[in-house]
Amino acid sequence: MTVTYSLEVSRTRLCGFSKLLIRWKASIYKTLWREVAIFIVFYYALSVLYRYILMENQKRIFEKVARYCSVFTDVIPLSVILGFYVTLIISRWWSQFTSIPWPDRTATMIASCVHGSDERSRTIRRTLGRYLLLMLLITFQAVSTSVKKRFPSLDHIQETGIMTAEERKAYEKINLCGSKWWIPAQWFACLTLRARKEGRIKDSIQMDTLLLEMCTFRSFCGDMLNYDWVSIPLLYTQVVTLVTYTFFLTHLMSKQSLESDSNHVGEVDFYVPFFTLFQLFFYMGWLKVAEQLINPYGEDDDDFELNWCLDRNIQV
Amino acid sequence: MTVTYSLEVSRTRLCGFSKLLIRWKASIYKTLWREVAIFIVFYYALSVLYRYILMENQKRIFEKVARYCSVFTDVIPLSVILGFYVTLIISRWWSQFTSIPWPDRTATMIASCVHGSDERSRTIRRTLGRYLLLMLLITFQAVSTSVKKRFPSLDHIQETGIMTAEERKAYEKINLCGSKWWIPAQWFACLTLRARKEGRIKDSIQMDTLLLEMCTFRSFCGDMLNYDWVSIPLLYTQVVTLVTYTFFLTHLMSKQSLESDSNHVGEVDFYVPFFTLFQLFFYMGWLKVAEQLINPYGEDDDDFELNWCLDRNIQV
Amino acid sequence: MTVTYSLEVSRTRLCGFSKLLIRWKASIYKTLWREVAIFIVFYYALSVLYRYILMENQKRIFEKVARYCSVFTDVIPLSVILGFYVTLIISRWWSQFTSIPWPDRTATMIASCVHGSDERSRTIRRTLGRYLLLMLLITFQAVSTSVKKRFPSLDHIQETGIMTAEERKAYEKINLCGSKWWIPAQWFACLTLRARKEGRIKDSIQMDTLLLEMCTFRSFCGDMLNYDWVSIPLLYTQVVTLVTYTFFLTHLMSKQSLESDSNHVGEVDFYVPFFTLFQLFFYMGWLKVAEQLINPYGEDDDDFELNWCLDRNIQV
Amino acid sequence: MTVTYSLEVSRTRLCGFSKLLIRWKASIYKTLWREVAIFIVFYYALSVLYRYILMENQKRIFEKVARYCSVFTDVIPLSVILGFYVTLIISRWWSQFTSIPWPDRTATMIASCVHGSDERSRTIRRTLGRYLLLMLLITFQAVSTSVKKRFPSLDHIQETGIMTAEERKAYEKINLCGSKWWIPAQWFACLTLRARKEGRIKDSIQMDTLLLEMCTFRSFCGDMLNYDWVSIPLLYTQVVTLVTYTFFLTHLMSKQSLESDSNHVGEVDFYVPFFTLFQLFFYMGWLKVAEQLINPYGEDDDDFELNWCLDRNIQV
Amino acid sequence: MTVTYSLEVSRTRLCGFSKLLIRWKASIYKTLWREVAIFIVFYYALSVLYRYILMENQKRIFEKVARYCSVFTDVIPLSVILGFYVTLIISRWWSQFTSIPWPDRTATMIASCVHGSDERSRTIRRTLGRYLLLMLLITFQAVSTSVKKRFPSLDHIQETGIMTAEERKAYEKINLCGSKWWIPAQWFACLTLRARKEGRIKDSIQMDTLLLEMCTFRSFCGDMLNYDWVSIPLLYTQVVTLVTYTFFLTHLMSKQSLESDSNHVGEVDFYVPFFTLFQLFFYMGWLKVAEQLINPYGEDDDDFELNWCLDRNIQV
């Protein structure tokens, strides 16, 4: 679930964002402590190796490698690369969020367009709403791992009552290459047509409005699947990851304090490489932003929402 | 309330923006003087510590730390990071502003679509308008702290006359997980349907237009809530804040003028670190831009607007 | 008025943009010569002060300040800041331009939807058109200083015949906090309704089309007012201006050629600081781009357009 | 005409873009060889001047100027400036491309909405289509120099049969400040109204659809004219051009290999300044991208398209 | 076919993106191993040349060239250029993806608007769907090399049954400059009109809805062709490619470890130029991202999709 913090920042003026720094949930600390721990372990391992285990001439080689790495770290324009990449990911993430379909609007239209207060009319209205939810559910199932966990198969969907036994049979009989998420939309259109013929939808205008609403809902589902299907090119992600990881691998070496290093800035760096750790925090944190957002339907989001939609629907 | 200054910049040619520099309200000075004061206090505290309290060998350590920090400040690409982050925040801020719903348009449609000059027709028109305002008010209440202050509970809303006692009961009876802001939209649709049946809305076209307008209004409210609900990932904000704060923490040390510093550029820096303060102004100012905009519904905006809408509605 | 130059660049291949460099109107030279003059005066004043007035030990202090400033100018990432800021301003400027409403489209719809060739029908059509123009005029008046100059009060609007005496009274009677620009839209809707009842608008479809067109026109007016009302946060503009101005203030000192400067690149810089002037040209020019665009409805634009609309309307 | 190369890049994997490097048409070589030639001529002229003509003490001055320039070239952040500017131009160029109106869609609607197979109906349909083309033609004439060449006056348009003699008279009689491109749209609306009255357009729905399609077409024409009318602020273009040209002017001096230059990297640069030429190629090429795109309706594009539309219309 | 990897990144927290680094398909390794191999071969060829073949004074020249190159590589702002270029390409690539037309929506509308259960009605419905597919197929054929391979001529299309023999004749009889992909849209409109006259489409509303849907579908096809027709200006692509290739050509020289190089960082670089290879990986990888995306309809995508559409259509 998304962490909302905007209300907290609305009032403070002096500390401002500093209050946000002490949060744990979804924070940079929680996300990065493992990486930092690993980095520290390797850093001290190398340090111990250099100081107590290596021979004198091996030390010289070690120092050469270290200096070589330190030249290299200046060359990588990590900030520019991460800047462009994260900007891309964030704009994509927001588009993904806004493409989540909400059945409310279409539900309102169903209630307004399908008239009649007899049992049959009410069943039609409920079935149309059910089709929307079914389409939504199949889409979420394909896209989100947490929804997939909750509804691993059609059996589970049938249990909730969103799909009847006959519908399931019909659904399974259709044999297609590719996904079948759009089938409830077809059913929806068929049922609408039948309702029109029975006079429960009074004129073409209302039927058209209803069908267009449904098509809009449907294309939102399609967008969600498209975002899931076509990722940011793997190549780009690999390039950025590789650069960031290499940056810190070379830092492991280049930030070692060397014995023969006369022009070193001081012995402060000796025991704990504060600023290197800080850089790790910062650059890795930036990369993690991308990592967190590249699949927004993962473990954190959307499950809640679906529950809410389900519950609401039963009440309506 | 937003500070408007565009008219002031439309005429001057020579001084241009320089006139803006002397404004106080919503200015950089008003926003940042506390941070600057804190920085100065710490800076001189460290300076006094170094000069009068520390032993000679402790001074050497102090100098090493200072030099170490000064190497580090060159490494942080603060401008690139803030550039990308602030651009993101500003585009989001503008989208948030444009997603504020205005009931005028829908109100015009209500007046055009619901015919009849008897009491009942007028009541329907007024009730439809009231539902819009109610939905708006509940949305604002959830999003803005200043509106929340003014209307802390349903009692206060009821007092203004936007919600009747029966409506409140009905509203409270509905028991849902999640927010209930969309309920007035349901009422709106129901009332429209009834008006259609009573012949006050003449044909399906007008009813559809009205319902679509209402749905548009409703989705604007939904957008506002979404912006409030899903913030920029906390991780990103934390990373940027952490970098900026660390930048100035290291500056506290690195800009101290040291005794043993032979290659120092001069003694000018001795008494007041002018340029460091300027950098503080600049970078912190940039960060504050983000801070101010990340929750645009805070203490400054929107309350005014709501008042205006309320007053206008009573007159219409 | 906007300076159009795209036709000039369509043909040349060799010189390309160089032809644009010699234009005066709206050019960088016209915009910046005052700033450059001021800079030069101060530069030489400081130079004279240093060379002929200061004592020897005062000269040393002067040199220290100069060197201190010269270290600082390397630190400011002016290009990145201006790049992000100007990009923001330009995209905003273009949105503002595209949000200027054009009454033509709605006028076409009025002609198509309101039938009848008798005097009454023609009056209705003309009045509807007049309302649009009135709304446009009030909007322009609020937004643009040059239109404000031409029509400082309602009297002037009434004189043009766009507002009748009764309408003015009705307009003034309405007492609202906030702007009243949207009132002609209400009148428009009322008159449309009356025309519908009189049978001059044949069916609901046409009335809806007409009202929707008017609402679109209206929301364009609202957009214009919004852009005027909510400026780019003052803080951001102040930060950018402050950085640019400080950059050149420090340059005043740092680019002085000092006597004791052994590692100076040469005496070329002695008499005229060519490249500093060029930097002034460039960075100030960039900032001026922003300055020019931040209020596009200022002295240069839009007045023309309004005249054109007025003239055309009378003919139609 | 635009150069299409995407099919060529779809297959190769190894060489990839390298195949594109050897193309001549619309290539960097064809565009830049003149600039490069001029640069080389000046470079060697200066070189000869320095080596064989100048006195010894003049040489010293020359060297100082050269070193001074070389310090300066490091200061200009040309890549950042060009990056932002070219990005702006390209996004504008693509918007311009997508705002080119295509009459097909509206033509389809004409065919579907205006019924009847008698001569009169067919004439109406053809006239409506002709009005669209006329509006398109007048727009293109105003915007594109190549279309202007082909149709310099109304006479030429009349010859093609797109405008009849009476229409021309009517067109010329209307006396307006500003452009008259929108007049065919008025005629279109009038003729549609007449067709409606004659019963050739059956109901209001079809007439509205037709008029809305025409309005969309019309606003595309308006967009094209707006893009032509309001260019990127001249100031911005001048700033960028000035920076780029100054960059290479200083390079002319700073890249001269000097006799007294002890810390020079080698004599390789002596005869041909390879890398400076390469930088010229690169930065000028980037600027040329902007130059080419700032007026996309120039000599290269759109003429073709218009012919195609004309030809097709005659057949339809 | 696109490589989907988002599900993989949804769960892991520690390793995060590192899992992606070991994938082969569509990976950076698969894409770049040839370039890397070529680079290594040339690198060692030069190395052998320098060490064992060249005379002593030739070695000096070699060293000078190497040092000269090494100065130059610092000057190229490759990261900024690639950042802007790749961002441009990616946003274009995504627009291209979203402009792929899907016939489902229009098919649903056909089913809802064309009534009747006799043979003739069913044929009309099927023919309308067939026209959509035909238009899609001709568009894909023009845009994608892989679809072109599968359907090299009209014969192959006719074989699939999407085009009948008479339609083919009619299609071939039309003689136009320019593409003929829009002809099925004309047929579609004609057939819709006929169906309306025969009463199978009941009213104007439904016909309009159907035609507007078809026009939307059509304009998606047009967008696809536009993206294919108007590429990113060749000049831009050439500039970027040239810069990247030159960057590595100079690296071939500048990263050679020289005998007389006293201030060299160590002998580590001697045998394998690790970090140069890494830079090659990184920058070339970035460029390859652009290369892969500049023609998204190449060998990888869309063929699948078309098959799926074809198969589905037969079943429906």
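General observations
A, B, C, D and E label the chains in the order they appear, each numbered from 1.
In this text, contacts are C-beta pairs under 8 Å (C-beta built on N, C-alpha and C of every residue); 3 or more make two chains touch, one makes a residue touch a chain.
In UniProt terms, the chains line up like this: A, B, C, D, E = Bestrophin homolog.
Please read all numbers here as calculations on a predicted model, not as lab measurements.
Counting only chains that touch, the fewest steps needed to get from subunit A (Bestrophin homolog) to subunit E (Bestrophin homolog) is 1.
Common neighbours of subunit A (Bestrophin homolog) and subunit B (Bestrophin homolog) (chains touching each): not present. Per the C-alpha superposition, subunit C (Bestrophin homolog) sits rotated 70 degrees relative to subunit D (Bestrophin homolog), a value rounded to a multiple of 5. Shared numbers divided by all numbers used gives the overlap of an interface; between subunit D (Bestrophin homolog) and subunit E (Bestrophin homolog) this overlap falls below half, so the copies present different residues.
Subunit B (Bestrophin homolog) and subunit D (Bestrophin homolog) have Cα centroids lying 40 Å from one another. For subunit B (Bestrophin homolog), residues that reach two or more other chains under the stated contact definition are 31, 80, 83, 87, 205, 288. If each chain is drawn as a node and touching chains are joined, the picture is one closed loop, every chain linked to exactly two others.
Read around the assembly ring beginning with subunit D (Bestrophin homolog) and moving next to subunit E (Bestrophin homolog), the chains appear as D, E, A, B, C. On the side of subunit A (Bestrophin homolog), the complex with subunit B (Bestrophin homolog) involves touching residues 2-7, 9-11, 13-14, 16-18, 20-21, 23, 26-28, 31, 79-80, 83, 86-87, 90, 97-98, 102, 104-105, 108-109, 111-112, 202-203, 205-206, 209, 265-269, 275, 278-279, 281-282, 285-286, 288-289, 292-293, 307-308, 311-312, 315. Every residue of subunit E (Bestrophin homolog) that touches subunit D (Bestrophin homolog) in the complex is listed here, in rising order: 31, 34-35, 61, 63-65, 67-68, 71-72, 75-77, 80-81, 83-84, 87-88, 145, 174, 176-178, 182, 185-186, 189-190, 192-193, 204-205, 207-208, 211-212, 215, 218-219, 222, 226, 228-239, 241-243, 245-246, 250, 287-288, 291, 294-295, 297-299.
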